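Take a look at this one; I'll ask things after.
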Amino acid sequence: MSISTCDLVLRNGTVIDPGLSPSPQAIDIGIEKGRISALAQTGNLPLLGSRVIDAAGLYVFPGLIDPHVHITNRVAGNMRGGFGLTSLAAIHGGTTTFFDFTTPHQPNELLSAIDRQLQNADGAVFSDFCLHAVLPAMELDDLWQIEQAIKRGFPSFKAFMLPSRGRSKVDDRLLFAALEACRLYGGLMGVHAENGRLVSHFSRKLLKEGKNGLRYFAASRPNICEAEAIQRALYVARTAGAPIYVYHVTSAEGAQAVRHARQQGLPVYGETCPHYLLFTDGVYSEERGFLFNRVPPIRSQRDQDALWEALADGTFSCVGTDDVATTLTHKRQPPPGPDFTDFPGGMAQVETRLALLHSEGVAKGRISLNRLVYLLTAGPARIFGLYPRKGTIAVGSDADLVLFDPNQEKTITSGELHDGTDYTVYEGWKVKGWPVMSLLRGQVIIDRGKLVNNAGQGQCCPRKIDPEIFKGPAA
Amino acid sequence: MSISTCDLVLRNGTVIDPGLSPSPQAIDIGIEKGRISALAQTGNLPLLGSRVIDAAGLYVFPGLIDPHVHITNRVAGNMRGGFGLTSLAAIHGGTTTFFDFTTPHQPNELLSAIDRQLQNADGAVFSDFCLHAVLPAMELDDLWQIEQAIKRGFPSFKAFMLPSRGRSKVDDRLLFAALEACRLYGGLMGVHAENGRLVSHFSRKLLKEGKNGLRYFAASRPNICEAEAIQRALYVARTAGAPIYVYHVTSAEGAQAVRHARQQGLPVYGETCPHYLLFTDGVYSEERGFLFNRVPPIRSQRDQDALWEALADGTFSCVGTDDVATTLTHKRQPPPGPDFTDFPGGMAQVETRLALLHSEGVAKGRISLNRLVYLLTAGPARIFGLYPRKGTIAVGSDADLVLFDPNQEKTITSGELHDGTDYTVYEGWKVKGWPVMSLLRGQVIIDRGKLVNNAGQGQCCPRKIDPEIFKGPAA
Amino acid sequence: MSISTCDLVLRNGTVIDPGLSPSPQAIDIGIEKGRISALAQTGNLPLLGSRVIDAAGLYVFPGLIDPHVHITNRVAGNMRGGFGLTSLAAIHGGTTTFFDFTTPHQPNELLSAIDRQLQNADGAVFSDFCLHAVLPAMELDDLWQIEQAIKRGFPSFKAFMLPSRGRSKVDDRLLFAALEACRLYGGLMGVHAENGRLVSHFSRKLLKEGKNGLRYFAASRPNICEAEAIQRALYVARTAGAPIYVYHVTSAEGAQAVRHARQQGLPVYGETCPHYLLFTDGVYSEERGFLFNRVPPIRSQRDQDALWEALADGTFSCVGTDDVATTLTHKRQPPPGPDFTDFPGGMAQVETRLALLHSEGVAKGRISLNRLVYLLTAGPARIFGLYPRKGTIAVGSDADLVLFDPNQEKTITSGELHDGTDYTVYEGWKVKGWPVMSLLRGQVIIDRGKLVNNAGQGQCCPRKIDPEIFKGPAA
Amino acid sequence: MSISTCDLVLRNGTVIDPGLSPSPQAIDIGIEKGRISALAQTGNLPLLGSRVIDAAGLYVFPGLIDPHVHITNRVAGNMRGGFGLTSLAAIHGGTTTFFDFTTPHQPNELLSAIDRQLQNADGAVFSDFCLHAVLPAMELDDLWQIEQAIKRGFPSFKAFMLPSRGRSKVDDRLLFAALEACRLYGGLMGVHAENGRLVSHFSRKLLKEGKNGLRYFAASRPNICEAEAIQRALYVARTAGAPIYVYHVTSAEGAQAVRHARQQGLPVYGETCPHYLLFTDGVYSEERGFLFNRVPPIRSQRDQDALWEALADGTFSCVGTDDVATTLTHKRQPPPGPDFTDFPGGMAQVETRLALLHSEGVAKGRISLNRLVYLLTAGPARIFGLYPRKGTIAVGSDADLVLFDPNQEKTITSGELHDGTDYTVYEGWKVKGWPVMSLLRGQVIIDRGKLVNNAGQGQCCPRKIDPEIFKGPAA
């Protein structure tokens, strides 16, 4: 009798994958050639493996996906180093695939900006990754680039509805045209939804009243700035017949707009970020307020509550980190202009996402473990064309897995994180539960919190949006 | 026994004033010093009058109000003449009060543009009139002008949400700021709601496909251009806590947005125009298509039906004409640029409004006589601060009255109209029912269709918006 | 020169009639042959009258209408006396027309019950009145009575959705059939909306738990009992294509059901009563609790607030009193059965309605004076087919008028009321503002609070429902 | 090296299980001790099995569940035989678990009726089954039976909102009380939703007009009869805080009520049946109309379309057959009374459900294969407490599997079916695709359409409702 054995078998773990089963399951996982090749009841039919890992007492999740990360050169000095450091932080935190964004400067650079960023990623990358193509300001004649990007496996985009550092504003004209192209060719447009003209109104009014400085930051971009833009984007998308993804929703009104559209059966998908869930705008009055500068701003307790509710009730589909790695020196440099919006923005948090949402969300009863795992795995995987290759523990899927020890207690401190920065906004936060092992396509990369495979062979994943995503709220 | 007699008594007419009574009433009207001083049942208590007019067989309506007229210099050669001709047409058609618009060129000209237009109106004007103050592009520092305009009795405004000939675009920033000022000081902002960026998208796309010329005019500004802008304006107004008036709604979606807001109790008021009710976009393919060039464009039969329904079910509050007097020569001059939007726009129709809406609306069962009279009288009077001085037949109100002969048949022809132009888009239309007498503040101006008082003593009416208008849909 | 003079002229009053004008008006009123024959600006054209009343300093309202009164024999010993006493109280309180209900005992008694009640009313009645025809349990073969009642001028009905003392339950079968007949012949069905089966559930459950007595009265018929029945009735009416009137809405959910239906354009009309607006269910725990026994029960503060809001925002169209005159002796008699629903119900309050709602509603900012006057005059007049004969101050209307002194202060006490009972639930309440004069069809009945015309010539008013009432929320 | 082999391995099939993956998957299935013990990619890691079945070219679905079957004694002469015949038809058609109903006659028989039906099922049953406990008319004192039934593993109930043959009416009182008990103890109430009083109205009206006979059957119970009852049941359930299941929804309005409730996040679950999806009310005018007698009636094309839409868009969660086996002789016997509702009702169709819905639904583009499989497997399994033991192909689940040949063409004819009856309403229908093999807990029962295991060891499955089902629309 000759039978083949698996390359690797993960035994005795407790599998949490809401797509697989509503309840935790004792299942052994067989892995071969980087994919899950077999699933078998623990203790019944022992899968044979060249290597066997005992996951007793641990949760096994599908490898996490972060749909919203910005690779920077600020810490490592260049983008290549940025990919290395951020992916190292990601894989330590259980995130086996993240999405970065391109930076086209000219109308005709949509495709070349993808190439440029792929070149930036040609060093050691410790997790898999994908790229959202940022939409430059362009004319109808340039729209063919959207079709090409989709055909080349980059079917997700981002439009900044107001000018943002290095990215030009996508006005309603281009937004509509690009959405039409997305409908036609199978793309998914996402938006940074803020109304720049309203931001300008509130900012100028405050400055006129002598109210400058970070403590007025949230007031300078009140909820309507975001909510109006979200409503407009949803309406434009609806008319164009295209699905739409809303990055970093921060306001109760924004969440309600997404909920309402989904209740009408529209293909609308929303995301929020950890800082909107874990802080309130009170931080802008603290001394360390400058660390939290990021648009849209962190808002009130009422908004925070509404965001948790939108995660729990199915309104939102993802939690992205909007991770931006930077240093204290960089954050402290004086703002270039007189305006409270000019502080350098962003914070690194891809590594702490899972543990914090578990401790602050699941352990505090704001969200079920099942739902959290969905938001970090199948949610983004379905929307962005990675499912079922990633985002679930199914036979045939990539063997991206994270083992989570629900009992490990830890105090978060910058020195123990791997993003290369010299601070964390979560300094001193206590969590219970931490990811202890990460597998990427069958390779153990992190084991008991240590990097055990430094090959850095993370790949860019080609994608195709599932037609279901176009029909209605399918994730 | 000494008793005073009225200056004028109107006897035996059938009064139609839905605010007064749901059914036609046989009431005699006593007039003294330009105002209605007494109402008495016909045949019971004979009111005494120095002059008595017998209105037997005629309907008596409150003098009509047209909230949307543009005085031009195109026919008469100067604005003063424009006021004369258009007011002459108005009073012949039963309209005793119309609203014109100012033309500020600079941020600081909101008030001076009012003064300028008042000077333009210092010749013979045959009906009363009011001015909506058009909002120039301006900064926060200029907003005091809004407060001043309101205090001076000009509490209604118009914001062009896209650039329009001679008027600059009011962006969301200024719209919000101006709405806040309106809430604070008691003003009512109105909007020309079109999304210029979307118009640009559709126009360019057509031109790119080689589709130029008037036949593509409607396609160059499809419904979403208007509907998106209306939704945005309603949302901004709601957040600013201010009421809003939407000029010339043309699309089913726009009507629905207004209806939905009103159902939620928001102070939103809508208007449409005769050309959207009486034509469809097929006219743009006709030879005479250039006569109908006007933004927003005339739309489909489905939209026309939706507009009639919105008039009938209480969604809209007014029918304005958007009257622009011009000549065939002027209309025929070659467009300045390559674009189908460059034909000179507008049509004169203040004189035919009542007769056409009566024949096409009431006689064809699309709307009740009561509702039509409301839309032409109390509707605009309530919204713009003229009520109950104008817009109703009540003791104390201005004695603005129109006598309508429901049996007079007429074929509309340019030569018999009084607007000074040399064509009408309604040439050859047959109507049954025509206004035969108009009284302005107690003076008979038109009698049996003829001008009998050429003093031209129409006045500009000072106004104050009723606080009820701020609370919810109060008209 | 010969002119006629009026029989009576009311001078210098401040007319409050929202149908006439949104603001108070200084108008003199000429009356001839029982009707308003002329209206004239105060001080301008003096109307001549055989008799002149000076109303300086007083409000002049249209005579009030109470759509919900139950004449009883409990105080006077017979129904005829009941009509006398209750109409005396009504006219003292400014109510010039009230609606009583018939009491058919058999399926074929719909018409004869009308006749019977008319006979009961053939003595001195001091105000005008109308009859709602109560629907007996009946079969399809009996429905012709509905058509006959409408033709005889009794076009409004009442169906008890659960059995009520002396009235049999109208089940969904009969309700639908009767609504169809109403649609066909022009009738308006009203409902006492409670789900008797749910009442039974909650009552039995309480009794089972040993919770008996009035303090559990409200709990024995919680909001859902009413709200479910209202929803069902509205749905049945909608399918039958008929308008519907909901008597005595008491719950927030019931009000919301009415609001929602009206927002959808359905012809639904709602009423609430003073006791639901002025007390909460705390009264059932007071010693005097037995005075407040009436179904549906008085509810929580949240419900009370919702009812005021529904009055103010246009959801409800009427305030009826559900007046039932009885004596303390009668109220105190031991309940016949073991159940807390068995106390004799009802309270007399037709006389105090206006003053209390003015002091507790208008003076406390819960409702505008205009809206209150509408709810007590034009609202019920429009719905039940009395308008514009009653419910407004217009030329040709019945000269039913009430003069209200807004400055007269009064402490309500049973001894000064005219309903013949020996207590009032409002004993000791202080009000500011009291009706001082009532005119019925041109006759002064009450002057300075005293009966000055004891002829008692109140009439039953024939009616026809306005077709507008069938189309949508027209009142 | 010693490893165990599976009892049975299913190789090379195409697995369709929407809970497992959105796309068909080539997966081998290992089965041990009646459960799925392993899943492995086809061709990669060969699972070892004592027996191996080659499913190449076939779809593999989870064993189907039919939530709505009525076992009768009409064909076999006794209930035991009824269980045998209907389960034989079920397992031939791919249904491995069906739900039958109890028949309590007295208030205190809820539990004993379960026992009685279990005794009826103690012969050969070829599929697994469950029992819904029918609610007898009862008092509060009898409600403890609900708690007991839930504790004994029978947590789903059925309430007849109108009297039905052998089952007494559950009025609103009992419905509310039972729903409260369900909320408290974890039960799920289902309703046969028709308003008996409205049915009575329409029936009597038709009879009165001389319209008798089956052709008037649908008209005798128009949509409102069902829709009103559904709305009422949903409202009562909402107030009681309990989930609710609606059996056999037949009308567009009923579907809309379910959709609306689910959009508001309420735990409402709906079912429809094949005959409502495959016929219209035209059948009642056909000679064979008597075969289709079943309440609620089959309705119009508009309703049929709405039901398909509700299946496709997620409004409904299940398709039950309402299977009733009977013979032509029985169907033809003269109705006992004068009424068109008195024909003996029901039709056998548990065997044809899958093939017909596949050919008429999936092949005609009305519904996706994924969604159909969900409605027949995970949908009912989740709602009624069988998931994930049944309703999905997951490690640890019961090895209930059906192999479907999508290319097998067949003309349905009564002689080839296994329900023991002598006709089928689908006689002559052509289908493409037929279930060819059924496994029950690892045993092959049907192979190539033939019974290969006649042990008949189907079991009654104990159940517990998932708490998620209580929170919102979780299936």
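By letter and in written order, the chains are A, B, C and D; residue numbering begins at 1 in each of them.
By definition in this document, a contact is a pair of C-beta atoms (placed from the backbone, for glycine too) under 8 Å apart; a residue touches a chain by one contact, two chains touch by 3 or more.
Given the structure is predicted, the values throughout are model-derived calculations rather than measurements.
Chemist: Under the document's definition of touching, what chains do chain A and chain D have as common neighbours?
Modeler: Chains in contact with chain A as well as chain D: not a single one.
Chemist: Would you kindly say which chain has the C-alpha centre located farthest from the C-alpha centre of chain D?
Modeler: B
Chemist: Between C-D and B-C, which chain pair is linked by more C-beta pairs in contact?
Modeler: B-C
Chemist: Take the average of all CA coordinates in chain B, do the same for chain D, and state the distance between these two points in whole angstrom.
Modeler: 62
Chemist: So what's the Cα centroid distance for chain C and chain D, whole Å?
Modeler: The mean C-alpha positions of chain C and chain D differ by 53 Å.
Chemist: Using Cα averages as centroids, what's the distance between chain B and chain C in whole Å?
Modeler: Centres of chain B and chain C (C-alpha means) sit 42 Å apart.
Chemist: For chain C, give me the residues that contact two or more of the other chains.
Modeler: none
Chemist: Write out the stretch or stretches of chain D touching chain C in their complex.
Modeler: Of all residues in chain D, those touching chain C are 139-141, 171-174, 176-177, 195, 197-198, 200-201, 204-205, 208, 224, 227-228, 231-232, 235-236, 239.
Chemist: Going by the contact rule at the top, pick out the chain A residues touching chain D in the complex.
Modeler: 1, 3-4, 6, 19-23, 25-27, 30, 32-33, 35-41, 44-48, 263, 265, 313, 382, 387-388, 392, 394-396, 466, 468, 472
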